[in-house]
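In the two complexes below, subunit A is the common chain; its partner is subunit B in one and subunit C in the other.
Showing the complex of A and B:
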């Protein structure tokens, strides 16, 4: 494995590195838990790696509360997410991180890496989509543009990021105050850790004191080209009483989730199973 | 009998080196001037090779040697001598080696491979054994003698005992099912490696090899390379997992030797993890058609078995699994009649190998599933049918296996009791998660297996003038804990501190002969060998001690590093006695040698005979929980009852039990090598799913001590057994809970959900 690395320590150096290498083939590296195995499978000739591991910019490296929500830096590790007190109110996110790989990998893998790898099976990405998070993208000219995560992924391993851009942070907007939260992440796999989801469901649903559903965010992974926000399933729930959902309501919800699933058969599972299990678990959460 | 060391929890004597990183594995070896070897393998699983052009590769700076079948002179490899080291004219599976390079660096060697030009004409491969058996199928292996009734049958086994027709008449219940078992790999943590060092001065070839059968290896390498066997020295570095994969020689080993011979320099070949997945030995897939019967009381009447095994393109020792499979069908539980046929069929798949259990997990799966189905049809309890048919002490099985000790029934009783089988299993099982307990037993050789002209092991002992003992054993340590057990035996017998015992076992130039690590034989065979040698050593010491203490031999006790007279209480330190022997007349060293050959016998041409000195029995009860929405099976508890004869080292024993159960768990639930047209599709730990720490259930172990008269301190072989019944017990549990039939592995969530869905549509 032979590549040149550039290790910017400041945002200025980072932007300079991006600008300088526009004509060349470069990739970003942060936790390296995806990049190294990928390069081991297929080395890319003339590759330059812009190493983000040395970058000292708190916008990238920390999690903090702001007026508009909770901002998670792209270089935040999975372990950082697990131990952050602000994020504990999002069980969907915490459960997604807990289901992610292993303790060792969680301690180096980054939230930004999970998003930018753009795997349809990304656990943490799926949870963030369900939470309605927004990507904050740093452009080489120093400006920031924002894209909702629902629009961030454009295909398997592709995103809206252009060659002169990188993900700086994601913002989870403040949620409406809720009486009750139904939030979680279900990952389907053959074993209990070190698993790539065969199908996954992220959900974060809130109700008022009467049990009326005031907000709903659900997203699915590993059943389409990208992680999908299951909008019509969310809309179906809004305004309904959580405690009075009928069997038929639950099935309609599951049917709506399935509208966003277009799974493939591969060595990990068949399309039939992905369909079936997604419907079963979708119904089961309500 | 009270022992000082035997039966105590002794940590492995090599554990410190392992955990501190001091152990030297094959990967760690580096010799002066060493070259790096790389192998060009075929692009296609089946093709004609029109031409190979190595001229560009040879010209690459840093390349010292390029070999193909055209510039080496070798004999074929492996059990049927049907496997060329380098392939010429055609390739028959995706592992096939076409050329090899030695270069000054790994990178250059790999670059050189890219410069070798091979012209292929791709052929349609045959990947299904049933296709290979068809009349118009081409002969896959041109070295096949076709002496088994079909050009593509590598080995055919036929066995029978009893009167099948008569027993069928007696049967109140007859169950016929087909079982389909996948290919799996043991994923040794240390990938395969070899370093070859040929000396042009004395023509000696030293191989740093992780073989588990060094003396058979030495002999076969000599045949393949047409060398004098004694010119080959095999040194075994620390072996990071064997599990049977290192029973057969694989072509990369003689290839590395050839590169070293051609260059006169040391050459090393290391497998990557991907190569380890694709190119190392695997447990073979098979289809088992099984019909079994029982009379109205549930007593077994007969078994009729037909097995088709995927041999792959070449024939390894793994083909002999038919022999172990036969044993389970002929002799696990009492059965008056058995007719058994197993054919190993050539295909263009990767060839099968020898993995822990050696065919027994597959056989036990099929048999134990059928037993559950018979119980169901007869309206009997699944525990009861097993108990009334269990093997018993004194039984001689239809095949001639002699069970002078037999803990089958106690093992079953232990797991039935401790698992709460009769109480917990009856719980109301409504709702999403359903729980239940499944049972299975197993039989395996426990006192070696006489399949080679000798099944013995040699030992040399050297007690030095400081009172330290060196055990030079023919047996090999592949992580199973044999070094520790052998040292414990010596400490027990001589009454010296375990810390004063060294075990030497890695060099064929030094150690006496042993057949190798297989058949769960090391503690039994090497243990008996060490005990035989210790007896001789003690006689020598006792003679001198009796003289010095002026007493009789019967009066002597070995303890605390001394030999003591019981009568007078006077004693001499052992090292003092050694010095007396050495530095005064008779001027003798305290060294002895001993060779132990087990009392087992060869089976006759009908496979009848007592092939092992004794037999191990085990039963497992497994409690599982099935998520009926996802199909996921969680194993909660595994209860293991196993006849080990006598517990020698509880700590080592528990390690083997737990490791075996985990291996069985992977086989049951998640492991499967997925091949498409001869290509392996899952060659990483991402997609080949071994259990992780979070998948491991509580494992409860109940050793059954039957004090086997032929075993060291009464012990039997035990190491393969714990993996054998696990998958069967899990499949039984899942089938019973859901009211479905799980007749193939692995029991993935998808397969379970499919079974539930099929049942619903059948009912709907």
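Showing the complex of A and C:
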């Protein structure tokens, strides 16, 4: 593995590095837990790595409350997420991070890296999609553009990011105040630790004091080319009473989740299994 | 401007090191090949097994997935930093010995460093972990000999 590096410390240096290298082959490195194994497997000739590990810009490195929601910098680590007090009200996110890799990897792997790797199995990405988060993308000219995460992934390992852009942060918009929250992350794998999901379901559902569902966000992982927001399943739940869902309602919800699944058979599981297990876990959450 | 070499300055096991290194060099290669500290083990070299675990500013990381240029200005501890000729074994190592938590020994340095990091964190939060939490915190370290029971016993006895 051999590459050259640029280690910007300020946003100005970062933007300059991006502009200077538009004609060259470069990639960003943050936590390196995906990039190093990938490059060890297959080195890319003439690669320049823009090393983000030394960047000192709190927009990238912090988690903070703002008027419009909670903003998570792309360079915050999984461990930072677990210890942040504002994020504890999103069990879906906390459970996704806890299910992710190992403590050694959680200490260095970044939220932005999980999103930009754009794996269909990205645990944290799946949770953020369920929460209706929005990506905030820094363009080399210094401007910011925003893209909802539901539109961020364009295929296996591809995103809407252009060569002169990088992910700066994600915003979890403020949620309606809720009486009750049903929120969690279900990851199906062959073992409990260090697992890549065979299928996963992220859900964050809120009700008012009468049990009426006021908001619903569910997303699925490892069952399609990208993580998918299961919009019709969410719409189906809105306005229903959480405590009075019939067996038929629960099955209709699961059927709706399955509309977004287009799984493949691979070394880890068959398409048939992924279908079945996704239907079962979808029904089980209600 | 991009560089193929970088100058770094950091401390390892309390000693200051200043070197010019290849920018893409891994921390494990620097530790084993440049500093000749062979206690840090190369296992899977992909972040799966934890044999190469070291502490960076007190936190356990896989040295096979860490660029040495990114320890610039930081403090690194390897298993050699826990004990020496004048210093007896660290409490983690003593507990491992007492509980028979070592068989072939290949995973042991990484295991010790992961436990060291976990213990410091628990001590910092005045927290006594249960067995489930101990297991959860060792999920990044693979041992093919012991079946883990004695390792978990050794960690439990630290609290």
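A few comments on the model shown:
The definition used in the following text is that the second predicted complex is superposed on the first by the 286 of 286 C-alpha atoms of A that agree within 3 Å, B and C clash if a C-alpha of one lies under 4 Å from a C-alpha of the other, contacts with A are read in each partner's own complex, and residues count from 1 in each chain.
The rule we apply is simple: contacts are C-beta pairs under 8 Å (C-beta built on N, C-alpha and C of every residue); 3 or more make two chains touch, one makes a residue touch a chain.
All values derive from a computational prediction rather than experimental measurement.
With both structures placed on the common chain, the touch criterion links A:32 to subunit C but leaves subunit B unconnected. Within the superposed three-chain model, A:271 lies out of touch with both subunit B and subunit C [touch as defined at top].
In the superposed model, A:108 makes contact with subunit C only, not with subunit B. With both complexes superposed, C is the one of subunit B and subunit C in contact with more subunit A residues. In the superposed model, A:53 makes contact with subunit C only, not with subunit B.
Contact with both subunit B and subunit C is seen for A:194 once the two complexes are overlaid on the shared chain. Once the two complexes are overlaid on the shared chain, A:280 sits against subunit B while remaining clear of subunit C. In the superposition on chain A, contact of A:7 is made with subunit C only, not with subunit B. Across the superposed pair, subunit B and subunit C both touch subunit A at residues 37, 102, 192-194.
Of all the residues in subunit B, the ones that touch subunit A in their complex are 432, 629-632, 669-670, 674, 681-682, 684-687, 689, 691-695, 746, 748-750, 753-754, 757. Against subunit C, the residues of subunit A that register as touching in their complex are 1-7, 21, 29, 32-33, 36-37, 40, 48-49, 51, 53-54, 79, 98, 101-105, 107-108, 192-194. Interface residues of subunit A, counted against subunit B in their complex, comprise 37, 102, 188-196, 198, 267-270, 272-273, 276-277, 280-281, 284.
Here subunit C touches subunit A in the complex through residues 1-4, 6, 22-24, 26, 45-48, 50, 53, 59-62, 64-67, 69-70, 72, 114, 117-118, 136-137, 139-141, going by the rule given at the top.
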